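Should a chain be cited, it is by its letter among A, B, C, D and E, assigned in written order, with residues numbered from 1 in that chain.
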Amino acid sequence: ASGPTEGAPASAGAGGELTVLAAASLQSPFTRLGEVFEATFPGTTVTFGFAGSSDLVAQLQQGAPGDVLATADTATMGRAAADGLLSGAAQPFATNTMVIAVPAGNPAGIGAFADLAAPDVAVVVCAPQVPCGAATAQVEASTGVTLSPVSEEGSVTDVLGKVSTGQADAGVVYVTDVAAAGDAVEGIGIPPDANTTNSYPIAVLAASGAPELAGRFRDLVLGAQGREVLADAGFGAP
Amino acid sequence: MSLHLAASVPDRQLDVALERPGGTSLAVLGPNGSGKSSLLGVLAGLLAPARGRVELDGRTLLDVDATGVRAWVPAHRRRVALLAQDPLLFPHLDVLDNVAFGPRSAGLPRREARALARRWLGEVDAGDLADRPAHALSGGQAQRVALARALAAEPELLLLDEPLASLDVDVAGAVRATLGRVLAGRTTILVTHDVLDVALLADDVVVLEAGRIVEAGPARDVMRMPRSAFAASLFGLNLVTGVAIGPEALRTPDGWIVAGLADQPLSQGEPALAVFQPAAVSVHLHAPSGSPRNTVAGLVTALEPLGHLVRVRVGDLKADITPAAVADLGLVVGNRVHLAVKAAEVTLDPAPTREGSPRR
Amino acid sequence: MPDSALRSPRLRTRQAPVGLPHWAALPAGLAVAFLGLPLLAMLSRVSWGQFPALVTSESSRAALALSLRTSVAATVLCLLLGVPLALVLARARFPGQHLVRALALLPLVLPPVVAGIALLYTFGRRGLLGETLQVAGIQVAFSTTAVVLAQTFVAMPFLVISLEGALRTVGQRYDEVAATLGASPTTVLRRVTLPLLAPALASGTVLAFARALGEFGATITFAGSLQGVTRTLPLEIYLQRETDADAAVALSLVLVVVSAVVIAVSRRTRSPW
Amino acid sequence: MPDSALRSPRLRTRQAPVGLPHWAALPAGLAVAFLGLPLLAMLSRVSWGQFPALVTSESSRAALALSLRTSVAATVLCLLLGVPLALVLARARFPGQHLVRALALLPLVLPPVVAGIALLYTFGRRGLLGETLQVAGIQVAFSTTAVVLAQTFVAMPFLVISLEGALRTVGQRYDEVAATLGASPTTVLRRVTLPLLAPALASGTVLAFARALGEFGATITFAGSLQGVTRTLPLEIYLQRETDADAAVALSLVLVVVSAVVIAVSRRTRSPW
Amino acid sequence: MSLHLAASVPDRQLDVALERPGGTSLAVLGPNGSGKSSLLGVLAGLLAPARGRVELDGRTLLDVDATGVRAWVPAHRRRVALLAQDPLLFPHLDVLDNVAFGPRSAGLPRREARALARRWLGEVDAGDLADRPAHALSGGQAQRVALARALAAEPELLLLDEPLASLDVDVAGAVRATLGRVLAGRTTILVTHDVLDVALLADDVVVLEAGRIVEAGPARDVMRMPRSAFAASLFGLNLVTGVAIGPEALRTPDGWIVAGLADQPLSQGEPALAVFQPAAVSVHLHAPSGSPRNTVAGLVTALEPLGHLVRVRVGDLKADITPAAVADLGLVVGNRVHLAVKAAEVTLDPAPTREGSPRR
């Protein structure tokens, strides 16, 4: 089947179009890396498709065109691999850990994870069905603190939204989310022994019409420049 | 070139059959709710009869029998135009475009359709309304425009439902003259409550009562000698029914004996009817001496002006006398009077059968 | 019989309808196919064995019950506020009317998530009215009330706009007649305007109810998602989808069935003329 | 002057309107407040300094252009398919009519994300029509076409339902008159039915356009989110919100302005009676 | 107990003022579009005049002057009921509830309102329609129900716009009698195109033309001696205007000299008018010998039946002669004839001023 680069020279190097499908939380670092990539390989155009990881895999299963896939957890990437969507194995390029997000000024005076269990604190977390919720559950298990959240959201963005507007007193999110959210929220760390680490894998897609170029983008992400940009956004090393 | 109709619409209690030679006009008379508009609806294709058959100039417009619908030409392909009782001008078009609607639908270009519309508006004395929005008209103006719209469609069969009902006297006279000219040679069916319409516009008449034709015949015959109470009342004649008690006399259920002239002698014991002009009836305060024939007593129920005469109503009977006579007699409502009519003024006829007695 | 074809246009009613153009059947059929095929596709994917368990699971039942309760409440709120608004927009003349009409459309164009944010800005703890409400002892955040407010906000325009269109189409001749017979404006409204609008009112209500029932973005943003309190069926479906898209589709069928029931009921209560 | 109060009920038109009940102003005012306060709250949060840069960024402009193109295309599709469907539903009698009417409501109750899944099941590579389309060389999913289809799917019911309600409210007396004047069903439709429905048609179209413009869930599922190809303004706003909720709100104001323009235009083209 | 109205509605070119004692009925006559319905609209509160004042029994219903609206009682609090030209029955109610609408709005409990409604339906001969849905009525039936609905509202001022226009003869007669009874002592304004309505239902008459009152007076005076062309035409009288050339003679613009009897002598050179009955006009094929006074020649434009007479129209003039005379003269349309009228049959009067000459 012909890919999105149909009509363009198939050989990598100068010219070509690249479609990168990436988890929504990767939006800002990947956008920067895209600019870097376009500067390094003049004449290439990188188009991003950002969405939730499971959305992306579902779309690929239904034939969405793409050259590179980067997800926010290994489970969804595993689904893609199982479906034979990948060309070669996926490689981890970043990690993320959990953090407590509180509104600017920390009005409820949260100091540690255990404070979240206080009855008058409105805590929001991700639902266990989504990756960040699974991670939160692990933190609960390892700290022995049982939360009674006022809401179990479907995505980190929703948790963050509640916190940044002051609607909730605290939420459990990824470190990178707090970094991206700016002044509206503050992060309160969870000790590494109680925390969980979640790994971001990247892979070239089997249906890619420009596998070579796709490989170069993957290499950029995995390389030093990629590491730097990702670290700026709060991601940890793989 | 002719129209054949037979239809029964049980919902409306309508069950009629009629046959019209092409190019003639028929007036349909009858009380409110007798089915006149429904009859037009069947012809126009707006009302589907349970059974019936309509043929116009050899085309079968409608054929429904017990086995189902065998033929059905939809309204827009019947070439039958209907002026309904309610003007229903298209509210989103101006007057000119309302009238031009039929010609435009027939495929005429806009300019020509408008020119035609202007002509028809002129015919109904509404030329100056052309540029008005349709909703900014008075009742009578709207009716004139609706009439022009129906005429402008130039149909093979024209159906007019009380076309002149809300027109003022002067315009009604003028439009009636126009219609007289326009309808000549055109197959038309006209529903009306107005004697003048019958006299001036109709070749023939049918009278509907409760969905049945109770009388049918040439307009001048029906006007002269109606056989239904409704027609007699409409044409301002006195009609009395009873049983023949001789070749030239009948007795009413009340016991009144009416003598008169009969074209053919009545058969004794058979139902018969007598018709006479209100002007032929004289009013007396005391039973007139001399021959007591054709005299009946009763109470005056109403006194109505009628041109330069006064109409005295005594029950169902009417007598037209001069205002001077009213004054001389000192008549007021409630007076007991005696009505008399000369036998020479009374026409006697066998009573119609239930289905009416079409004279053709 | 050779003429059986002639009988095909059956006249079922006495009142012979003015025919629709024949060609209208083609686009209408296309529309039906376009709307119907996805339903078929959904049905073909449902694993019917799993279906009963999925649909009767505690979380599903809680979500459905909540959805029904909140959607009904939101629809009632829409009627109480939206009908007067539609009347005022269609019948009164006042300065700033265009603005108000535009305002009534606002929630339609706002992405639901943004609508949720705007509601947070308004009724949230730190919102415009947040403090006032807090002082009054009203806690909107993370409550079922918040769900109803979110649904009302996104659903009201459907009622208002479709009712206003119908009001303009009917005109007010009957209202005038009623007034000359001595009926006060309230009586006119109750006994003439609204009954005459019954079909449009019914479709507007159905639209609003359906929109409330399907509401997702504003609810999750403004009210959150807690089983039995704020997690309506669409939110439940969204969560299910994270683990099993086919299960989510199966659950959506419940919404389809509910909507079918609503339509059936709204048809039945429609006035008979 | 002491009697100035008496002059307050100004009669602006010759046709004296039948008054609305006075109490209607209260719920209508509440409705306006309920719809207007969130807008105010939004406006108060926008950092106007950032606004121009945000709104004129390349991605925003691309998203807005795409949104407008696809929403217009979807609205046209809705009109082409939806108007005939509404006519058939309101005017024809056929077996299975209730089913078709229920079908027309379906996309209203389906959570948009599920609608997107259903569309994928239909037009996706592994969908009902997927193979047929693939053989024909047509790739629907994840293209701009998919955006238009998703928007059409979710927006059509708005047009159909509000139009059907209005059609039932107007009745068909004028259509009958037109038929007796020799107008074919097509002519009747074009010159009588649709012009008479102008107000309802306008509000139905506005509803459909607005729904298409705000569409998010079905689009992201069925069409993806590729800049310039499938990333419409609501998707762009969603992405913005990942990092900066206030930026997302500011961007939504663009949608609000677009909708205001649409309403203004739809008012202008409305027939004058 | 009285009505005062002064209103000008520039959009409808209406500018009228009138004063009515309570309990009397006024017939409003005039050509289509002359503003009759608009006048009723102003009184009912459906049409806002640019300027005007309406007082009913001392209550100010409306007061608009150049400075703005000083008083405005909305329609539902005026106690003015309007039967409009179009029946407009509420389509979602049945006939009985349509009629009961007014009483219910006045606060009567459902049972009583329905009982009242049944009574009024009976009065207009529509008792058997009570349970019909309002849309399943014939035109005349709907009009009767609408009339019952207006009457049932029992208003202080009753406005009737052509209440009998589409009723059949028998019902029209019966309803007219009912109205005569019902309207007694009730302040009523009645728009009509029918002479009988004026004769039987109205105390007084105003004639509107192009939005102005051109004639006003007691019904019997206007019927006997109309001063407007419209009223003359409506009442079937001949009206000729000209300039007085002597105390008892005038000359028309055409040069025809008409002599007659005048209540007070005419002043030479002043405008004057002459009125005479069509029945007083004789028709001759040749100029009658003898005194040539009051003779005019012209072409026959129409021959219409009129009861037992035939109306011969010669331009604007009408002559009623017997069918026998028509046959004797061999009259057909287009004949040149001479019309003559005896001076003793002609009433002369000074012509009205532009604003009409109210006789009170």
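Note that in this section a residue touches a chain if its C-beta (ideal position, glycine included) is under 8 Å from a C-beta of that chain, and two chains touch if they have at least 3 such contacts.
Please read these numbers as outputs of a predicted model, since none were measured by experiment.
With chains reduced to the mean position of their C-alpha atoms, the one farthest from chain B is A.
The highest number of C-beta contact pairs joins the chains C-D. If you average the Cα atoms of chain A and of chain B, the two centres end up 87 Å apart. Separation between the centroids of chain B and chain E, computed from CA atoms only, is 24 Å.
If you average the Cα atoms of chain A and of chain C, the two centres end up 36 Å apart.
The multi-chain contact residues of chain C, meaning those touching 2 or more other chains, are 13, 18-19, 117, 121, 127, 176, 178-179, 184-185, 188, 196, 238, 241, 245. For chain B, the set of residues that touch two or more other chains comprises 45-46, 74-75, 86. Within chain A, residues 58, 161, 165 each touch two or more of the remaining chains. Contact residues on chain D toward chain A in their complex (touch as defined above): 117, 120, 124-127, 130, 139, 141-142, 220-221, 224-231, 239, 241-245.
Chain D makes touch with chain B in their complex at residues 173-174, 176-185, 187-188, 191-192, 195-196, 198, 271, 273. Those residues of chain E whose C-beta lies close enough to touch chain B in the complex are 30-34, 36-38, 85-86, 137-141, 144, 161-162, 165-172, 177, 193, 195-196, 199-200, 223, 230, 233-234, 236, 277, 279, 302, 304-308, 320. Taken in their complex, chain D has these residues touching chain C: 12-13, 17-28, 30-32, 34-42, 44-45, 80-85, 87-88, 91-93, 98, 100-115, 117-119, 121-122, 127-129, 152-153, 156-158, 160-162, 164-166, 168-170, 172, 175-176, 178-179, 184-186, 188-189, 196-197, 199-204, 206-207, 210-211, 213-214, 216-217, 233-234, 237-238, 241, 245, 248-249, 252, 255-256, 258-260, 263-264, 267.
Listing the residues of chain A that touch chain D in their complex gives 19, 21, 24-25, 27-28, 47-51, 55, 58-59, 61-65, 157, 161, 164-165, 180-182, 184.
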